[in-house]
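What follows is one structure encoded as structure tokens, with my remarks underneath.
Chain naming follows the written order as A, B, C and D, and within any one chain the residues start at number 1.
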């Protein structure tokens, strides 16, 4: 309720960012900085766990990193040279402090902390079996399933137990684990969620995006590979690959929207890919107009690409407030319908009488697109053309992204004509799926084993979906649990 | 830091009070009132869990019941007709919200909430074994051990599992348990901690003391018997006794200090027993003096008894502030040594030139007694005689009372002469152990099977003390656990 | 809303306590301790102002001294060797931080801080004239009138201006004033409100009651005399008497209820006067009974006096909770009517079948007396006799005490028989007005120039009441003012 | 400490924004929205005063509008159909709640609330005289001087008193005043600060910028003219001009930086003027390069203008975090020097090996420019050229803008070469003063009576500066005042 979200409410929401550092003084402060740089990946809650050689120390808080983890007293209460942290949205598990990661447990092998980006698509089935055998869950998070699998594994060493657990779970996971022996970073066999490694002096750093390395002054070393575990114990770094090798399927939406423009994911600069998408969109869907206007801020790189390709001038036709917080709770209808203008206001003097091309990254429900098109018309635009830098979003994500149910996705309900009508635009076009692959350097999407997970556009899910197939909705976790107020 | 304690810091601290109600509208509000009446049994934290037929709802908070559980929004968020609650000091388990009871878990049999007054003296050994088998503890509380024993029991029904768990634990426990089927109240086979049953209309109430029944307007039915389980399911009330019968040993300190003067414990009015102790003390240890002065407020009933027996007038020679909160953090030594006067101030005009008898309930470290004797002298008392309404406290309690380590107990270090000197009194006397039993209606303390647990005075512990004998200090829980800030 | 009041709601409320100290290191910490000892005189808000030789520093807070002024950061932010403070109820002026004293203003003569116990009975008329001439009031407090009179005085020195102001005001005032030159303590010509002087080493202390001197370890020097100004400048102490001498009329209710039992007011120990009242009451209104029971805590000394005089045993028949905070907001009628028991509970085992004499200090509205009588009956009392240690309270106070409007005073509406019926007692008696003077060492109340202000009992007001006579209700201040939320 | 400022710390700070509305239901909610749209003009504190026909209601709070004035309980406590509000930085007057506007006073003519954008340059002299005559100031704000002048004026009606007050003050002021009779909006004779009028249905609105009209859905009517008073009483709107006419001198920095790009000030769209400045800069100071990069966000419009004029591509070379709060307090030097990257991060993949032109709106101290140039170099830029969309800032502002002392202004200390060296750029150029006037449609700056106040660039102050000439620093207000904690 107190969290502020400058991004649009009508976007897919990345659920998590993780950051870990091994072997450096003031580890908690470094993790706080790293999480701050990853704040766009999860704005609902944050947590940091440190290990000081004897004890683990954790602080979790609802809200942003800034305001919670930049306080001297908090950082001082998190001593140690090894630390990991997490920012989150609440996809799986109700929103309560006990679901905020890193999760922690006392195992017979010692303390165990875990931070997870992704979603386990058979967590519900595993949980039911674990509870039947006497395990007690403290959260409604799918991540806790991993901990109980480790705790009850028949293997002896922590590493063997951890691999045993990983082999039982399906879905998407980039994990950072802390034990008294050291830190383990790993990525699921398909590499659906990103995870990179960097160095800052002798310290090893793991992070969801390279921008977090930049911000803390670290050097980018390489991405963790799909199916790889990197184990850091003091000065020693080991890599093991316990899974059968398979073709990777990283999430293509990282380039479309999730990652920050100044990050590099899989050798591609996010900013340059987004500009390339914009340029491709200008080739696929040209239109005669006077201005190219980005829907700020996520549409800006694609709009620059579109403008450069088309030769139509790039202009700031929508001004975004820097002070957008939670929605104003305004008494009286007169005031309530003004809500959207708190975030965006038309640059009237510029727009009046002009034919404008709006460029946005995606359409989810379509409600915000409608408001922005109408805002352009009220400001006197002669024509309003919308261009979208991703294909139509037609399918739910089961890998850690907060997608609305399918029936709320505009593109799952309407065809292009219907969508154009719905948002009141003069024309609407999406980039083609092949065009999107082109912007990423491919000739086109391969029918068999495409290079990316694009299930939200195509419905082609790269894993089985046990809980979903069993009708066990993720939300049922909440059904089981105690309500803590 | 925010909790206020109008009682003296130099007292033994009762660790807990419990209160449960079954089958009444607005159960949470009733529990809040009941806990408020039991606030003297634990002032550090409080919690309430309710069941609304479908979900459990819990709120836990550091601090007093008033200020936390008298808020409309809190009570409204605790719907249901069955509820239990808990007030606590932190004997076992670090002070953190996750240790505040009722504890809750999702078992394969459904939700399970538990509130516990007492201490399990083999919790550490049980915990180690449970962790070895894969159980993950969420708190450092000994009470959680019971939950894991239930979760991993091989019996089928919840009731059988619960009895199975109870048979593995040793120590003191008065428990209130809530499941979707109903409420269970039980007391350990020795009945060390108190637990009573009352009725309010059709509702069944369980509480640590009768005063909580009075305050909510309920009628006192009877005490739960040692080793008894009372099971309430809707309108049905059943009683079972799964343990081999043995002679009860209720804690004698309830009459000395813990219970409120307006409670009735085991057929004895607390107030009348305390007056009888005072009268017996006047018989055992008479002294010529002008005034009998209670050390407020816990010494007052015994002082009245002493005065009535001796014929020496009862007078308020020490005035207690009603506004004592946490200690003033005062910069500068000039101010710091004034601390004690914030709580107690001598009634100078009364005391000047008089021979005074101070009556207090007990001496733990002796530090407050020293300050009060000196306060009398500064106010001009001619002689200061101290009379204590309990025998010397020489041994630690392992049944849920926060006793200092033995080396800090004044009576464990010094003989009567030494103690008299330490507190600067002209004379000091304690009631004899036989005198204490006399005040409770016995001829004397029976050498074999005495009627009460008086281990803090005699060292005669009625149970084995597994963790203590294994050198596993209760504090080691804290050693294992994550520090959550 | 957050303030806690362990005293009964159905009492007259003293409005203020003041405390000042001159020339000592850590002055603010000393004032905090002093105010804590005076907390019973005003529990709604507190404030401290210090002077460090260059700047004045002030902190004001709603709520108690403890929790606000025992914080290191607060005390550190109040540097200086001269300080004064104030605790208050809100008699005059709405309850808002800007009404919390000490009030402060920048005058042409420099900074000016003032703390006031009492009430100015022509404040409204003076305020209207000041506003007409261009003065702007920052509070709705009557005390601010004094500041504006000083600011607009035609005299040159601060002292002359201050005396000029005092000569224009009527009513009751004990004042502590701080300027860059030093501290001034003064008392109105009738000495209606108390004010005493003490010493702690070289430091001079002013306080409303001697108990505050005790608590900070200071020695009682003497009372400030009615009409006297004591001026402290560095080491120099001067006394001036700018008013024509007149017979003093100190408030008699200080002995009845307001002052703490361990204070000494006007050569009389409060405790001994209250016991004497109780004894006189036993002589005037004897009754055959088994027990004398104080209504805790304010009725206790009179109950002891009554018991000693009558030979009937003094017993604790009502147990007061130590944890009474703000009233429980309880949903549902079942719970609401239980409210009174949160504060007081009958000691059933003691009372059952007994004829009891309840002793209380006063009756205001009578609502609490009714509840307590009924509580005794529910607990099984055979007879309930109420004895009141003051005459019937029939008139409003205009000198700084929060009296309800006359029509809410039980004794203004009903005769003795009516009152006895209203509270459901078997008998009710008040001490006579002459009996009250007797307990204070007089033969009887003098018809002309009685020694005390007893207007609340007799309606004999010692000053003119300009605002009241002009129909200008004190509450009209609130009518004029801005509502600050 | 809790306020967040997404703009750069190294900017001039506008001190205030004002917003008023007359005759509409839910006036407070509308003012809250309007203030939110003006948040960029003052982020330290905000306040709203309403009038409900009988009482005035005020809420003031440190921090942003969102989080303080979007709460239902706050808006409900501000009833009435007339309301005004204020957002502020603390130029004059220490930062404390009592300095937060609207200020309010009870005058003999009734309630009087005032919100002020600007600064009174003879406030200190007027205050001294007022205090000498007995006025007591409640704040250290220069605005309070106006209230006391009104209160002590010898004229009879409120309007005459207000004009009498205005004639005594010098400096810059756009004011919104509320009295029981209605609302007055006015602007100083030179019109230094902006103020516009709009309509929303029958309601009249006054605001610092047109963007606030847009956001609440109102229509822009016209600017209040320099020296004009607009009086709204119910449905009646009157305009009077009590001052001798003179040539206007609006602040030119509104177009450079203060106003939002979507506002229209004095017939000029802010966005188009900024683009024109960028284009003029490209003409005056061309350079061969690969990319034009805005320093986000204030440099963006000028960068677009520069890019369009020069034909060099506009690219996002610096990514700004959306989550910038207060500076991270980071233990250890390793972390502290990373601070700037929390706000801005280089888009490395784009910049590497490129010659870049950075466009920013202004340079104050130069410290941020240095960090940004170095960030470009670290990211691999081949050349870094800085272009500034305003002339060098060499002089302090005395009209309500928070300028550092002259000795901290980079351009007051160094010539162009020195500044280029200081920020480590390959080249640095500012737009000329004539170029700036050109972008505003003038041929050049007129030597006599230039059309704008450009004193920060030229030192040509359009008014006398009484306090400054008398050596009475604005900060001396703080010297006089009580420190309230």
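FYI, a residue touches a chain if its C-beta (ideal position, glycine included) is under 8 Å from a C-beta of that chain, and two chains touch if they have at least 3 such contacts.
Everything quoted here is computed from the prediction, not taken from an experiment.
Counted as hops between touching chains, the shortest connection from subunit B to subunit D is 2. Touching subunit C and subunit D at once is no chain at all.
Among the remaining chains, the Cα-based centre furthest from that of subunit C is the centre of A.
A count of C-beta contacts for the chain pairs B-C and A-B puts B-C on top.
Between subunit A and subunit C, the centres computed from C-alpha atoms are 62 Å apart. Each chain gets a centre from the mean of its Cα atoms; for subunit B and subunit C, those two points are 37 Å apart.
Averaged Cα coordinates give subunit A a centre that lies 50 Å from the centre of subunit B. Counting partner chains per residue, subunit A has no residue touching two or more of them. Chain pairs that touch, as defined above: A-B, A-D, B-C, C-D. Those residues of subunit D that touch subunit C in the shared complex are 49, 55-60, 74, 77-78, 98, 104-108, 111, 113, 131-138, 147-148, 151-153, 480-485. Those residues of subunit C whose C-beta lies close enough to touch subunit B in the complex are 2, 4, 6-7, 25-26, 29-30, 32-33, 36-37, 39-40, 43, 64-67, 70-72, 75-76, 211, 214-217, 260-262, 264, 269, 271-272, 297, 300-301, 304, 308, 313-316, 319, 321-332, 334-335, 338, 341-342, 345-350.
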